[in-house]
Amino acid sequence: METVTNQLVSIEKPEIVAPPDWQPVIIGILCNWCSYAGSDLTGTSRLQYPPNIRIIRVPCSSRVDTWFLIKSLQTTADGVLVSGCHPGDCHYISGNYFARRRFLVTKKLLNFVGFHENRIQFSWVSAAEGPKFAKVVSKVTEDIKKLGPLHLYKKENFEK
Amino acid sequence: MDYTKQIQEIATRLFAEDKIDVFVGYRLTGFDDNQVPALIRESKDVPLLVFNQKSVFNLSNYLKNDHTRNKRVGLVVKGCDSRSLNLLLTESQVKREKLYVVGIACEGVVDDAGQKMQNCLECMVPAAVVYDELLGEANMERRFIINADIQDMAAKELVQRREYFEEVFENCIRCNACRHSCPLCYCAKCCIDQETATLYNGANTTSSAFHALMTWSLHLAGRCVDCRNCEKACPSHLPLHLFHKWNERVIYENFQEHLAGVHEGDRGAFYKYSMQDPDDFIM
Amino acid sequence: MSVETIVTDKAGLQKFYEAIIAKNETYAPVEKFGKYDFKLVKNLSECDPESPIAKTMSAKPLFFPRSAKIMKYVATSAGTDVSETDEDPLAGKRVIVGMKHCDARALQVLDKVYNWDFIDTDYQKRRLNTVVISTRCDKAETHCFCTSLDYDVENLDAMDVLIVNGNDGKVYIKSKSEKGIEFLNSGVTSHTSRVTEEAAGEELKKQYTAFSASFRLKMDYKSINEKLSKIFDTPEFENVSSNCVSCNTCAFVCPTCHCFKISDEKVKDTGVRYKSYDSCNNGYFTLMAGGHNPRPAKYRRWRQRAMHKFVYYKERFGENLCVGCGKCTTSCPVNISIFEVINQVSK
Amino acid sequence: MEQLLVPMICKIDKVIQETPDVRTYRLKFKEEGLMEKFNWMPGQFVEFSLLGSGECTFCIASSVTRKGYFDCSIKRAGVVTADIHTLLDEGDEVGIRGPYGNWFPLDDIKGKNLLFVGGGIGLAPLRSLIQYCIDNRNDYKDFTILYGARTSADMCYKEEIKEWQENKSLKVILTIDRPEESWTSNVGVVPKILEEVVKPEIANTKVITCGPPIMIKYTIQSLLKLGFADKDIITTLEMKMQCGLGKCGRCNIGSTYVCKDGPVFTNEQLKKLPDEF
């Protein structure tokens, strides 16, 4: 006998079922000079984007240490979005080039140990790209809604 | 591969010419053919030195040791050891003029069971890249063979990988032996050490092990030279090389065939960039 | 106390193990990544009670867990609420199979420190509710030196049930305590071929003679104790510690090391306080907040470890804090042998 | 043991800023009736925990004769103490375990002259004994307190020192390391003042000293030079501790557990210990 359910399960751990009113929490780490200004512009130009994102402002995308991402995923987040200036536009000249390398390796490694690759996403959003920011956040939220809740190595489990 | 005689000759000469204060090499444990690193301070102890295919431990670890700091050191390095030495030099942890490096063109070392170590089978740089003197043939080049177990692992489904690594993190006992035995982990305050940890205070839980191993392997990404000191030290025998080799592979494929510490003055992959770095994963 | 000995064969031993696992909460060595760790098992095929000693972690975590929860708390501006943690998962009635003599002996040594002054009730409870079944080794491994220490390996009474693989192909199962007799009578064995003490005694003695002859490492612990206590300031400690990488593996695998630290893990308002292993080889082990460190140099920490094992503990509790299992040596990444080191220092 | 490590909750009654980096926390047990049952002797210590940050060892800085509260003086030095200073205020709750350790040999010092030598935050454990002795003043003969600090601003318990100075039955000598403008008392390090100004009577005197490790070392040296016997010099040791129960092994000096056999030692006992403190 097979019961067809519409319940959303965590993609990494199918035994974990999302509660019916589940909404993902996404940590957005934005660079001060472009993406944060971009998100500001989104707000001032009255563009809607999902409220699931919690924004943290950092001076530059290369300020994002890899363990910021790991810590986010281990505490509240179901997904992380890191956003910085377009290549060539970095306020500190080359910060985002360094960041780009770290992001790729972090994303691949976390994917390797069993996180879905869409849990960590990156974008380049400039200060003038308000609509793009709204689009990026909508897409990330949509992606993570499909993946279900993240229940891997959460700190608050206090296991063992 | 037995350079015992040559190394003893070199060490004797260096002590006689008063070029070094301490010579770091290997000696036998005294009962079997396993070897212990030896820090030789006087020429009378030089006959203890040996070097053969059982000389496994990466000696550049001892450059962060109390006994070698601010001293003139003679050091034996194999291919992988010399790469980590190269990184230590680039990162200003040791001074080149204080070192006398005996490089070895390594033919691969063996583990306790006598099998050739897996990292030696796929070694790309077997001969030492930094040396004052090289023993053996220098022109040894090998291919970059992608680790078979990495390939198997990457081919698995997401859920299977998660299950496998959950077991890895569960079996970690948070002793931090991996970090202490790594030649490239020289931070006085480490972000995964119990007392100075950033997110976890050292309780041994699966999540703290995940945090520690992930952060640690990402700090070593693009710097790890695959000497497997960490795996030798791990009391739980965890397959720590999976993280490092995976990172090495990602970095090699994406960042212009970067290999840590092969060229002099070459920094870790995260300390430089190129315009050609992949951008397609970024929205 | 009457001592019972059951004689059986290899197949009977397997049946014995199966019966134990079926009837009790049983912990046994389970292989993972090439090393064995004591875990709760459901059937015999998962585990290997005859695991090699060098590749087996000690059974210490079953009594002194790697991380034990002390308490849970909720700390908000409205007040603080401390609650005891959930039930101790290790406190129930249980059986451990596949322990070796050195491991069992380690528990005896640990009893001293845990029952000194403030009594560790959790540890006591775990000890009380556990039936320890220990197998005597047939052959010493490379780094074993248990026979050279201050306990009688042959007549060790640290375990409840002793299993000896006799040289005649028979297996002798012997109860060593009241708990052991009760356990053997609880229906785990259907064998009725029980022999007298004398009949089994000879075979056990023969096995022990062969076993003790297989030791490569032998020393006189009394002279070591005595000499070490006099040479606190010897520069030899600096020499022997020079190739240590301070990786702490030795302390984490040691069946008798019992130093721990207390740490808080907190998420928002709630948190858990843990008691977890620590090692005296860490530079920060004695580092105080003002920056004062009584043992700043590596050789001082090394000396503390060696002296604690062979001098201080002996002075205080009358036992060596070492059972000669050789686990520290086999897991050392640079093959430093504690046996060699103490012998070299006290030469 | 896990339940032995669970702290009792205390409420902070009062916070006194002693110096720029030392604060005294006056604590009371939250649960009714616990305060009356909580008895300690001068020299004992408690494990003070700020839940979420960690646990630290502090000596109790007040005497059991002053009922209804106890004090802990905390210097900002490490991670947890920094958190304590920034996060804790009056009315907040902390965890306390204790009291642990041994205490000053009250029987031995009865009927003797007492000389207290304190430096910096090292006055805290002495204060417990000083208060105790003041409250039982008739049991002791001459009573001298020598207290040194780096600067006049670094002196702890300023109000209380004023009280002591006004108390005719005590002799209080203060010193600072370097001259300051408005400072009228002695200038110089503690051992120097001890030899040049205090000139204590040797016979029938017990010296109780505490301070930074380097100060203790030189104070003991000059006390021995003055002719004091080893058994008449009493000090309290500082060692890193985690459990306070004689289990965790951090405070081992030789076969001695500082948390059980200490923290109060006479110089006679200290001489037998290996030089690791």
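We call the chains A, B, C and D, going by the order they appear; numbering starts again at 1 in every chain.
Please note the rule applied: a residue touches a chain if its C-beta (ideal position, glycine included) is under 8 Å from a C-beta of that chain, and two chains touch if they have at least 3 such contacts.
Just so you know, these numbers come straight off a predicted model, no measurement behind them.
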Could you quickly compare A-C and A-B and let me know which has more C-beta contacts?
A-B
Centre-to-centre on C-alpha atoms, which chain is most distant from subunit D?
A
Chain centre separation (subunit A, subunit C; CA means) in Å
46
What's the distance between the Cα centroids of subunit B and subunit C, rounded to whole Å?
32
Could you work out how far the Cα centre of subunit A sits from that of subunit D, in whole Å?
52
Residues touching two or more other chains, restricted to subunit A: which are they?
155, 158, 160
Enumerate the residues of subunit D that touch no fewer than two other chains.
54
At which residue positions does subunit B touch at least two other chains?
200-201, 204-205, 208
Between which chains is there touch?
A-B, A-C, B-C, C-D
Flag every residue of subunit B that touches subunit A in the complex, lowest number first.
153-154, 158-159, 161-166, 169, 191, 198-200, 204-208, 210-211, 214-215, 217-219, 221-222, 242-243, 246-247, 250-251, 254-255, 269-271, 273-275, 277-279, 281-283
For the subunit A and subunit C complex, residues of the former touching the latter
75, 155-156, 158, 160
Contact set on subunit A toward subunit B in their complex
11-14, 66-67, 70-71, 74, 87, 94, 97-98, 100-116, 121-124, 136, 139, 152-155, 157-160
For a test of understanding, state which residues of subunit D touch subunit C in their complex under the given definition.
1-7, 9, 49, 51-56, 75, 77-81, 93-95, 212-213, 238-240, 242-243, 245-250, 252-255, 260, 274, 276-277
Provide the residue numbers of subunit C that touch subunit A in the complex, in ascending order.
66-67, 69, 72, 265, 267-268, 270, 272
